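Just passing along the structure, written as structure tokens.
For reference, chains read A, B, C, D and E in written order, and residue numbers begin at 1 within each chain.
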Amino acid sequence: MRPENYQAVQLGDSNEYEIFIGPNHPGIEGNYAFRLLLDGDTIVKGTADAGYLHRGFEKLMEGRLWIQNLALVPRICVPDPAPMEVVYSMAVEEIMGIEAPRRAQWIRVMQLELSRVAAHLFTFGGHAATTGMYTPMFWGVADRDLVLDLFEEFTGGRVYSIYNIPGGVRRELPDGFLQKLSHLLDYLESRQNDYDNLLFTNQVFVKRAKNTGTLSKKDALELGVTGPNLRACGLEFDIRKNDPYLVYDELDFEIPTQQHGDAYSRILVRRDELFQSIKILRQVIEKLPSIDGPIRTTIPNPLSWNVKTGEAYARVESSKGELAYYVVSNGKDKPYRVHVRGPSSMHAVQTLEHLAKGARLEDVAQIMFSLDACPPEVDR
Amino acid sequence: MNYSELLAELFLMPLVAFVVGLLMVLMMRKISARLQRRIGPPFFQPIYDIIKLYGKDTQISHGLIHDIGIVMAVGGYIGAELLLPVPGMDGIADKGGIITLSYFLMIPSLGMALGVGQCANPNGSIGISRALTAMLAYDIPFILIVFGAAWHYESTSLVGMLEYQQTHQWGIVEMPLLAIAGLFALQGMLGKQPFEIYIAPAEIATGPMVEMSGKYMGGLFVMQSFQLYTAGVLYASLFLGGGTTWLELLPKAFFVVAIPMSIAFMFPRYKTEDVVRLMWKWPVMLALISLAFIL
Amino acid sequence: MNKHKSIDEILKKVNDVKILHKRERRIRVDVAADSLTTVLELLKGQASFVHLSAISCVDWIDDGEFELVYHVWSYEENCLVSVHTRIDREKAKFVSVYDLYKPADFFERDIYEMYGVFFIGSPRMEKFILTEWHGIPPMLKDFDSESYVQNTFNWTEYNPDWLQELEQQGGGIAIKPEEIRLSGELHNMSTHRERDKKKKQDNVKGWKS
Amino acid sequence: MKKELKIKEKSTERTNPLARVFDDFISFCQSKSLFMLHYCTGCGAIELPPAMTSRFDMERLGIQPMVTPRQADILLITGYVSVKTLKRVILTYEQMQSPKYVIGICSCTVNGGMYWQSYATAKKLNEYLPVDVYIAGCMPRPEAVIEGLQRLKNNIKNDRKEQKGSAWKDYFRRYDYYLGNQQHLFGDDWQTPTDIIAEAKLYGLETEETYGKHTDQLLKIQKPLLPQEMKVRMKP
Amino acid sequence: MKKIEYKDKGSILNPLKNLQFFARKPITEKLQPRPASASYRGFHINDMDKCIGCSSCQKICDNAAITMVEVPSIAEDASKGIRNLRPAIDYGRCCWCALCVDICPTSAIELSREYVHTCDGDETDSYFVFPQESGIHGLNFEKGWTKTKDSDLLDRERRPMQEMKPEDRIDNFDEIVDGFTMEMAVEEASRCVDCGLCEDACPAHMHAPNYIRSIYEGNLEQAVEWMYETNPFSHVCGRVCTHICESACSLGRVGEDGVKTSQPIAIRWLKRFAMDHVPKTKIKQIAKKGKATKKSGQRVAIIGAGPAGLTTAFDLVKKGHQVTVYEAQPKGGGMTRYGIPNYRLPEDRLDQDIEVIQSVGVDIQYNVRIGKDITMQQLQKDNDAVVLAIGLQNGRSTRIPGSENKNVKKAVDLLRMIPKGEEFEVPKSAVIIGGGNVAMDIARSLARLQKQKFGKVGITVSALETLGKNFLADDEEVKESKEEDITILDARGPVQCVIDKKGKLTGLETVKVVSIFDDKGRFAPKYDDSDKQFHEAEMVVEAIGQMADISVLGEELTEELEWNRGRIQVDENGSTSVEWLWSAGDMVNGPDVIHAVADGHRVATDIDKYLRKEKKS
């Protein structure tokens, strides 16, 4: 027995009570908190509380050389780090007025899509776990690990690839890599049935996910929702198609959409996207060997790129939505200002608060995970 | 029967139940591991866990009621074990029938409710209110099943039921619908997905267990192994004819427990109202139809 | 680049707008602070720029100004317009665009806590990420993160065996990374020079023989 | 600095040989069954799901995730801790039950890591909490995490002989040091609901360094917190 | 891909299909850590022999994780660009981004495939690692992320310098090298990694990294300012410096196979570029910067207006002393004027350097020969200190038979005559003995004269050293000489100058050289007498070294001074055994401009110290 004290919580004169989800809570994605005011099981008001992962990225980046920031940027979104480096590189390239060689662009597409596959596999597991089903998480994470093996193969790092560099990519692909990629894609496709059976057509899961966290198209647009979450509301929009970057305009893929805007629509969109990514990767396997050339344009001494004065707003479609970097240079060896617009900064705060209102306690975690909100993007 | 033998039985029955229960816990974890494509825990893992929990230096009590709650939780099951006849040991099964057993099975939940209430953790309170709702949900079919079985076997004593089945056919053959309803109730009693809402880590941080720690948590682990054993043996006794030897009973019990376990890792959890709706719909309906036949 | 002509025409209704077509689907617009809301209203109302992608703030400390950049996107035009405006750094107040764009809630609050710019009419002008921060808004250029860190935290002091051995031989740590990083003098060789001052004397001797 | 202060506790070494065997057995079980707190403090947390799930299956080592600090034995600090998180981490740590272990993962827990320039992150974890095992990497691969956990297991198993797996005692023995660092970061009015000094007394782990000017400061502001009154009010 | 419709309710049985996984094997890996991929970014390894301590890794490290540690057991060699610093890495900061690998000029630092390191809470010292070849735990893991052709972040190729074509330059003394354009200079400057090895190597310790940086930033005036901090002969050095800095340049290192060949930064050309592009008036302003406003009232006399003498004068004047330089020749510059041909160093550039020095306040008295016009005693009386910086004007002789012939000349004498315009008979064919830069200078100068006069070149250079191995002259010189139709015979030792009966020189006889130095490294050439050759020539020029003309000193002083192997004995500050006399420049250090400049600074510092002391007392 040990002495133990308790903090008194004033409940007020109503029978509403407050509970905290997070930051140390399994129902929260990452290190994030959500304060709920409950009436019975129904949420009266949810308030997001961020900042637990705040590292002051934007400040840090102002204090580092252009190239040093490369190692920093992937940390902004841990489950899906590749788009971070690509978009940063793209922004810097735009200011410098250079373009990555075509081969590098194809490799970047490959990296982005692999990262999307990994991120979606991760999300399935997370989403399922919030409804009490852990097996998809075990499967998804294990399968994602196979993707990470490939990342390790060609970028040298499992999670943080730090593989892009303004002007191209850092290294040529190792021999036989595309073959390995092809095997992985075969494997992932062969797993489709298992996942469908276990998760996507699981009656209990469908019941839980349908009509949970329903977001109308109008609300979604108003709240600045992007990415798969927006597509789940019925808007066929994808930056890869509508504001193409790299070589996406040469690729053949579809934009999966759903009409209902609920958790189930969102996970279905993600599922379809995963297979679209596989389709894109197949095209990369086919095309890449025929694209010769350098993987990097010559850049001046990395210790002191003086990027000329200017600004650029580069954006890509990450697995979570619209990811954008606003980079300002004043001609010095360090960025003057970098503003990171993480997709989750919209999803995890206002959208989540909007959806939580009136939702049930059981559904909060699911709503958050179905939005695939990534807290470090909010906190930076 | 002399008293020394009875005393030995009273000591042995919970002990056997505990050991078998631990094996069942191990089986449960191994099943989940297999389905999740991994190796799973080592053989002695359940016992390590319990000893570790009891060996903790810090033991936080939230007051007397909290302590009593856990004692009730474990004690309820120990009581239940004594009422469960097993090969070679009847304990006090002939003194109290299945009705008494049913009451004993409710004690742990109530004990938990008491203990958790004392913790003053909102997650725990929500959890326990859900647990009680869930208990209400699965107790209706459970009571119906007990009622049906007793009617069918024309006995409220488990010993009698076993004797009946050994002379006649297994309960599952004679009352298949009731047996299926029993499976539902079993899933609910064990608190496994899809009826797992009261634990719900993602929402309320394992609900009732949120403030449990050290030996209290250990108590819950012990309770869990008793619970699995009770469920397995009770179902085997009600519908699978029990067993005259341990070799006959244990495979049945393990099999019975394996069913909800295998299902559990394939499903998410229902919401509370869905649990109630489902439990009061299908198993109750099945049980009622079955009852109609029996009556 | 004439693809977005209609946007140009809409924008020309406002006085003193500078329009720059940076590349395909990227337009930069510079406006005076007081006509910013008008521009955004026009963009949203007449060219369906319904998506506020971000509001960025840049601290131009030498000019004594904050630059606010509103990135808006039109799903119909498929075009991103960045509306730049500058406000006085001392009187860091501006109107909120929350009525027009709900996401402004997040961005304005972010800018408020990171830069201290107060947005009149924004629903939640309070701390969000930096609830446990008591200093000046950290993103301001006059906040020196490095010296704050130096004053607030300690670094691990390592003393491994190999280092002790080297020290016994007369070597040891020569240039600490902080020396070149925190002084901001990556390209000033002063650290090397300090260290080598004595050495060079020796070298000179060496040269003579 | 820390090494000098490592005092051999008399109370841990029992004279009765049977008791020693018993203690060893408990340590053995403790090393075989570790519950890990499910708290992703930083980016290193992304390598925990792989370590826990099918591919690297931590459960074969007897390690499983737990969701509340009460049940957990291990607190994994997976990378940088921002000051805001650090407060919660300390609260969490104090709520955990002894014996409890802290594992520092990633570079950031040792010397600030990537974020050494950041105004928002704490640089040295062991200034605020006693750390048992560090795992190097940014972030360490699941295999490395597992190796680190195995090192912890070994330390726990040989605790009585080697005094390695008991960093948690250090928190009580040198509470003033830790509290001082915490106060430096969070301000002088920092307090937690847990009464560490009373606990130190309970365990007999008080040393001279349990007290100091920082604990004096704490005692000045500490309000005796009463258990919460349970009130149920129905809607009128 | 199977489509799933939203309206599907799903099935309760579908999930149960996955019970088939009871029959499938687990996919769990073994507990033993797997080997990482071939290019994994694991723990560091560092090849101690390849590492030069340039600390580029420290600068690019985004986490400030790299500390440079001094290792006394490693020999430093500034001229080769090797410091005894080695990186130690703080794993409490490192993020394994491998930028240090990609930047390392010598591919010394690499990452291995080792990735497991754990330690107990009180063992954080193990996080500060000093990478060696065997890795953090000495386990000799395989290499992971290493430098490849693509991953190299450095720009290894020098921007090509435009030069006059051999046929255009051979018949005149116009400057050969065009110099960089602004764009090229910035590009070339951008290659610099700021390691400072050049600065260490430079005898005058010119702040090369700083002025390269300034050029990169386009701020040429700033660059010139950096140069004038250490070298008032930047124009000269921008053209004819022996550029030890470039041999020390970390970018001159060639890394592993697969990495492009690497060329050092053209530090000399960059210096030249900056000097050429800043107007003279501006340079004068820059040179004046930091000049003492208060006069000390003390006087210093300097003998010889060469680089050493003028640098000393420049420094002393800036420190407020009054300085007079006495020069025997009609113009200043010493050996730079009278020893270096115009095509390498145009006279107007030299004039400018001297003019700038004069503009600071140095008084130069031309055509004053010490010992003749003024005696040393006089100088001593009039001044507080005297500096002897007369250089090496007299050529050494081989003393082989026949070398006393009038057509056997010394290179320095000839070289002095050319800029002065003094006439001499240009031979149709000539043999040069010697393989240094002076030999090349005279060979190429003669070649130009021959071309002008006869329209064709007939020059043979005979050197003891072997080409490509230990040849003394710069590679460029050799290359350009060959382009200019000069025959270079390496590994040949002169035996005798063949003189016909009339006493006329007909040529030179040489033998093959087997080795130049003996076991102890002393100069003792061995010849293979069987391999004899005769080279026809009207003139033989000896270019095997110079010596000082010490006649200026006068007998009394010569007696008073201490000598060491024919040179005046000086201490490290250039102070001779006579209190008021210093000696600097070639006569102390051998022929080299940058050494002379370095010497000048050193002597000036010492004199200043001496004068201050004197004043106080």
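Basically, a contact is a pair of C-beta atoms (placed from the backbone, for glycine too) under 8 Å apart; a residue touches a chain by one contact, two chains touch by 3 or more.
Not measured: the values here are computed from a predicted model.
Asker: Using the touch definition from the top, how many steps at minimum link chain A to chain D?
Answerer: Tracing touching chains, the least step count from chain A to chain D comes to 1.
Asker: Hey, what chains does chain B share as contacts with chain C?
Answerer: Of all the chains present, those in contact with both chain B and chain C are A, D, E.
Asker: Please indicate which chain is farthest from chain B, where distance is taken between mean Cα coordinates of the chains.
Answerer: E
Asker: Using mean C-alpha positions as chain centres, tell me how far chain C is from chain D in Å, no decimals.
Answerer: 37
Asker: Rounded to the nearest whole Å, what is the centre-to-centre distance of chain A and chain C, using the mean of the C-alpha atoms as each centre?
Answerer: Chain centres of chain A and chain C, defined by C-alpha means, are spaced 23 Å apart.
Asker: Would you kindly tell me how far, in whole Å, the mean C-alpha position of chain E lies from that of chain C?
Answerer: It comes to 43 Å between the two C-alpha centres.
Asker: So the centre of each chain is just the mean of its C-alpha atoms; given that, what is the distance between chain B and chain E in Å?
Answerer: Comparing mean C-alpha positions, chain E is 87 Å from chain B.
Asker: Could you pull out the residues of chain D that touch at least 2 other chains?
Answerer: Each of 53-55, 57, 60, 67, 84, 110-112, 114, 116-120, 138, 141, 199, 227-228 in chain D touches at least two other chains.
Asker: Could you list which residues of chain A touch at least two other chains?
Answerer: 2, 4, 6, 25-26, 51, 54, 56, 59-60, 63-65, 71-72, 135, 138-139, 142, 160, 198, 202, 204-205, 207, 303-304, 379
Asker: On chain C, where are the residues touching two or more other chains?
Answerer: Residues 130-132, 138, 143, 145-146, 156, 181, 186-187.
Asker: Pairwise, which chains touch?
Answerer: Touching chain pairs, listed by label, are A-B, A-C, A-D, A-E, B-D, B-E, C-D, C-E, D-E.
Asker: Flag every residue of chain E that touches chain A in the complex, lowest number first.
Answerer: Residue list for chain E touching chain A: 1-2, 4, 6, 8-12, 14-15, 17-18, 27, 36-41, 56, 59-63, 95-99, 102-103, 111, 144-145, 148, 150-151, 153-155, 187, 190-194, 213, 216-217.
Asker: Spell out the part of chain D that touches chain A in their complex, as residue ranges.
Answerer: Listed in rising order, the residues are 37-43, 45-47, 49-50, 52-55, 65, 67, 69, 80, 82, 84-85, 88, 92, 114-115, 117-121, 138-139, 141, 193-195, 198-199, 202, 224-229, 231-235.
Asker: With touch defined as at the start, can you tell me which chain E residues reach chain D in the complex?
Answerer: Its residues touching chain D are 26-29, 31, 33-34, 36, 62-65, 90-96, 115-124, 127.
Asker: Looking at the complex, which residues from chain B come into contact with chain A?
Answerer: Its residues touching chain A are 32, 35-38, 58-62, 120, 122-123, 126, 193-194, 196-197, 200-205, 265-272, 274.
Asker: Under the touch definition given earlier, write down the residues of chain C that touch chain A in their complex.
Answerer: 23, 25-26, 50-54, 56-59, 69, 71, 75, 78, 80, 82, 101-103, 105-106, 110, 114, 128-132, 138-139, 143, 145-146, 186-187
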